[in-house]
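First chain written, first letter: the chains are A, B, C and D, and each begins at residue 1.
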Amino acid sequence: MRRVFTPRNVLMAVYLIFLAAPLLWMLSMSFKPNAEILETRALFPQTPTLENYAEIFTQPAWRESFVNSLIYVAMNVVITLIVAIPAAYAFSRYTFRGDRHLFFWLLTNRMAPGAVFLLPFFQLYSNIGLFDTHLAVALAHTLFSVPLAIWILEGFMSGIPMEIDETAYVDGYSFPRFFYRIFMPLIGPGIGVAAFFSFLFSWVELLFARTLTSTAAKPIVVQLSRSLGAEGWDWGVIAAAGVLMIVPGALLIYFVRDYLAKGFALGRV
Amino acid sequence: MARIELSGVSHRYGNDEWAIRDVNVVWEDGVASALLGPSGSGKTTVLDIISGLLRPTEGRVLVDGRDVTGLNARERNVAQVFQFPVMYETLNVFDNLAFPLRNQRMPEAEVRQRVEATAELMGLTDLLRRNAHRLGAAEQQRVSLARGIVRKDISAVLLDEPLTVIDPQAKWHLRRQLKALHERTGITMIYVTHDQHEALTFADQVTVMNLGAVVQTGTPTELHERPRRPFIGYFIGSPGMNLLEAEVGEDGVRVGPLTVAYEPGVAKRLAGEEALQLGIRPEYVEASSRPLEGGTEAMVEDVDTTGHSLIVHARMGEAPLKVTMDEAATVASGDSLWIRFPAEHVNLYAAGERIEVNA
Amino acid sequence: MKLELRDAVKRFRTATALDGLTLEVQDDVDMVAIVAPTGSGKTTLLRVLAGLDGLDSGSLKVRGEDVTGVHVQKRNVSMVYQKFVNYPSLRVFDNIASPLQVARPRIAKAEIERRVHAIAEKLGIDMYLRRYPQELSGGQRQRVALARALVKEVDLVLLDEPLGNLDYKLREALRSDLKELSRERDALFVYATPEPIDALMMASHVAVLSEGRVVQYGRTREVHAVPQHAEVGRRFSEPPMNLLACRVEDGHVSAGDAFRFRLADAPSDGAFLLGIYPHHLRILEDGPPKPGSVRIEARLEFAEVVGSDVTLRLAYEEHTVLALSDKIRSYHLDETVKVDVDPNDVYLFDARSGDLVRASVRGRDARG
Amino acid sequence: MKRVDQRAWLFLIPALVVLSLNAFIPLMTVVNYSVQDILPGLGAVWVGFDNFENVLRDPSFRGALTRQLGFSALILLIQVPLGILVALGMPKKGWPATAALVTIGLPLLIPWNVVGIIWRVFTRSDIGIVPFLFDRFGYVYNIANSPADAYWTVVMMDVWHWTPLIALLAYSGLNAIPDAFYQAARIDGATRWRTFWVVTLPRLRNVLTIGILLRFMDSFRIYIEISLLTGGGPGRTTAFVSDLLVNRAVGGFEFGYAAALSLIYFFIIIVISYLFFLVLTNVGTSSQMQGGDA
């Protein structure tokens, strides 16, 4: 009989419980009225209710902020890809003066401690009249998502032999036609993984999203913390919002799972 | 060292069709053998069954007569060298070789003695302190081979296309090393490859597989001189064996205008065979610009040179024919050439299977 | 003139790939083979002909038209690599058709269809047109690359060791196809390879390269019969020609204590390299040596079966000598092998410059 | 092999434009602040490196920095081994692999403030389940006033939140190891642990170095989750460098001090990351023998 309680299975079970417990707790809270949350501690809600979710879907503030978040996250992914693909092509196909150090400089941007940069960002985006627009948040987030996207795409592109480029030139392809018809389809998986990580970062980022918006482009993360601010926290609604925020990410990770499983080109490093 | 036998072995992956059918092969103790076949011929399936990675759907695997079908590679003491060098990079060469011995809880003194003896055998003595990733591919492959034979209880060594990633100049050196190792240790070695050059160079006994079945097992000379099936005549040797449609005449076998004389008894015996084919190697076709007694004329269509000999593409009646001639011969396309087939170099096939004529 | 490359120079940081290389190919030549060891400039030469790399100096004319600076996209060339390079994202049909699809002036779809089917049939891959390259075997993938290189009428078809990754039998088949195709087209096939056998079997003309320069160019059989330099002898024979240090003293050549023989038209005394093709070291399993030839006994270091011949690596005094035998049998290491040499077959090269001093009698007749 | 061509910079222009907009201008503004003091009514006054000296001599900075280094080291020591173990445990093929990937990846998808909320709700004495469970085992768990409980809860939250990143990286690293290495180890009779130590771990070196670099950078910047969970308390036990930064920059309006602090802080991260980068890239160049493709 195949041994079920191998050390491996036990460890995985313990880890999964540790991982799932808070999530399940949040899920169950999202179906409990506030009163019950404060009194009982049972995992399964006695009086399950959908009022928390109803609150979110009916309240314009919640719905709009959810949509706002999706808009600027999508813009961030698009801008990141438009900017990162040519840069990654340069890194993967050519050696040029200072390419390695430039690559490190790109990575360092990701390390900038967010907190103190808020004010300068605020001043910058207000001066160029982009304050409280989706574009502002998207552009700010590219500071973090572009370096990672370049790194991932460069890994995928290096997997494609140079001879394919050259054969296309010998066949008479012009560079744009080659790039569009031959090269892009080959790095499809790379684009998917890069998009996933750009989405991942931009969707959960709070500091810049809060700093660069007020009402018109108010993101979900801010709506969440706003309802935290008021004293009597409305735990049920917050839990429901938390659950809803996981859904888009879970879907995306489902779509790029093959590339993650196959191991996206970490050989780059 | 041990005698390895596959009896009635067949295997299919899942329930699609059979990868290998009814494989019966015996590798005598201490033989230098090769398993040769084009890609997709099922030789990798046989390799995995011998190594213990794969349990065959049917049939048995015997080591010295003991049924090991259910045992894994460790219990069968079968070592394996892979297509690319497999080494433990964080260990130096000495620890790589000592690794299997220490796993057997062998006392350190004995480990040292065996490792040094094996290193000397493989010419690795001065590399013992070197770390793995500073060695070249050929050296790393020698270390993984040495790791295979360092153990006392090794029954056989499987070589799975070991020269794949070795660059051309280093290849002949490693081939010589493998051959010398076998002659000095007498370990049963099975060299699996799709390259006939490797197989015939290394092995005294070659098993040829095609489309999942063993076609012929024999010495290089047997395979080259008396191929059991036309496929082997084509696959071994360059250029491949000529294969011509033939009929039985009273005084021998006729191919178009040419007759190969046989004693009357033989002719009678052949009478009943249908789909008769005649195979002869280009280097055994007698050819000359002057008439040959009992020969016939053929038209030369093209001449290639290999530097040391000429390959003449001729046409005898309808049948195309290749003839190998000495490089000094003066022959050009358009000439006519007298040719004759010496009976002792001719193979006759009935329905694709070689017939033993008292040639 | 199909091709005029004059004084081509191309330097890289670490090495000089082309060092004043000149190659002129007449109009009647179907295929010229560039024989040189890997890494001696032959790939760079092909890349320069294709326009993928520019020249530091020198000029290139194709069919009389100067294309020295012309960018690759504007050149009328095609190229096949050792790696089976196809477009993974396109089906086999579109892979083969792509040079026609991007050609300007535009080519009608029906015409593209016809040409693709014609070349696919010729190379025996017409049944795979709907498939993707990844689904095919190595040999088939290389045939797709070849079909793409031949679908368009080009001036130069550049082949960089296309058979390198294929196994024995596939090479034989592709060699005869390539030879036939080079005859049918009036394009010049330029075939780069370290393997002399490819050049000997396919190319009507051969250029032997060494250190970025052409050491000898001519008809294939002539270059093999009369190598002008020791380097050509070594590079352009399979297995490589034996080159033994020897001395000539009044008409006698000696390359070792027991290896001395009279030579009819021997040069004046001095130090030379004795050149002997491996197949001229006759191995008579039994019987006395042929009259006039010299017998030496050597120890067998290793025997390699190649096709239907066996290359014997023999140790003789301090030399290592290669011999060729057509007897396929199991050989035992260190067995003694008796070898006969006919003085008419030997070559002599100047010890210092390597230039040919005396060609073999047979070689001179063959060229006549 | 890559071609040497300086024109490649043209491809980089879009990326450089976007990044310099976001990187250079704000950075220059911060540098600007760090060398001045804004006095109400007097505008900006040049103070040179005073701010930097204040920061370096400030005991609360040194305290925050040591706590931060301690925290970063601790979470790396827990998350890296745990991440590898989880990756080893994950199924390789079929739907279980997909299910494992999605569930283990979930914590990475949750906004950082929601993580803080969940753990706050999870551990509050009045409504949380954790105190309730500890109570059953006879231990009075109180995050609000026991420094030990608070510190370990913050550590557990970070482990819960970021171990999946190491697990996913290690998982993709494991998939790149050719099966022949495991076959060889089996033939050599290696135990499971010996095989891990000699085959698996050395070949995960590349992936783990990236994981450690990413985790180190992010752990050094942690702020929002902790501020929601414990607000840095009790006392300063869970207040790290970024907490000090936000208080001084947003709260105390000592903008010069905060700018100087963030530049020092940024400098520390870059130096340590550059060391990792060097180790990482020459690890890459001494490329261990990958399976050669024929």
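Here is the rule we go by: a residue touches a chain if its C-beta (ideal position, glycine included) is under 8 Å from a C-beta of that chain, and two chains touch if they have at least 3 such contacts.
It should be emphasised that the depicted structure is a prediction, and the values quoted were computed from it without experimental measurement.
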{"item": "Shortest contact path, chain A to chain B, counted in steps", "value": "2"}
{"item": "Labels of chains that are neighbours to chain B and to chain C", "value": "none"}
{"item": "A-D against A-C, pair bridged by the larger set of C-beta contacts", "value": "A-D"}
{"item": "Whole-Å gap separating chain A and chain D, where each centre is the average of the chain's CA atoms", "value": "16"}
{"item": "Rounded Å distance between chain B and chain D, as computed from the means of their C-alpha atoms", "value": "57"}
{"item": "Geometric centre distance via CA averages, chain D-chain C, whole Å", "value": "58"}
{"item": "Multi-partner residues of chain B (at least 2 other chains)", "value": "none"}
{"item": "Multi-chain contact sites of chain C, meaning residues that touch two or more partners", "value": "none"}
{"item": "Residues of chain A touching at least two other chains", "value": "none"}
{"item": "Touch-based graph of the chains, sorted into line, ring, star, complete or other", "value": "ring"}
{"item": "Chain pairs that touch, as defined at the top of this document", "value": "A-C, A-D, B-C, B-D"}
{"item": "Chain D-touching residues of chain B, taken from the complex the two chains share", "value": "51, 53, 72-74, 78-80, 82-91, 99-100, 103-104, 132-133, 137, 140, 144, 147-148, 164-165"}
{"item": "Residue ranges of chain C in contact with chain A within the complex", "value": "50, 52, 72-73, 75, 77-79, 81, 83, 85, 87-90, 98-99, 102-103, 145, 148"}
{"item": "Interfacial residue positions of chain B with respect to chain C in the complex", "value": "38-39, 168, 172, 175-176, 179-180, 183, 194-197, 200-201, 204, 219-221, 224-225, 234-235, 237-240, 281, 283, 304-309, 311, 324, 327-328"}
{"item": "Residues of chain C defined as touching chain B within the complex", "value": "137, 167-169, 172, 179, 194, 196-197, 200-201, 220-221, 224, 236-238, 277-279, 301-309, 313, 324, 326, 328-330, 332-333, 362, 365-366"}
{"item": "Complex contacts: residues of chain A adjacent to chain D", "value": "8-9, 11-12, 15-16, 18-23, 25-26, 29, 37-38, 41, 43, 79, 82-84, 86-87, 89-90, 92-97, 99-100, 102, 104, 106-121, 123-124, 139-140, 142-143, 146-147, 150, 162, 200, 203-207, 220-221, 224-225, 228, 235, 238-239, 241-242, 245-246, 248-250, 253-254, 257, 260-264, 266-267, 269"}
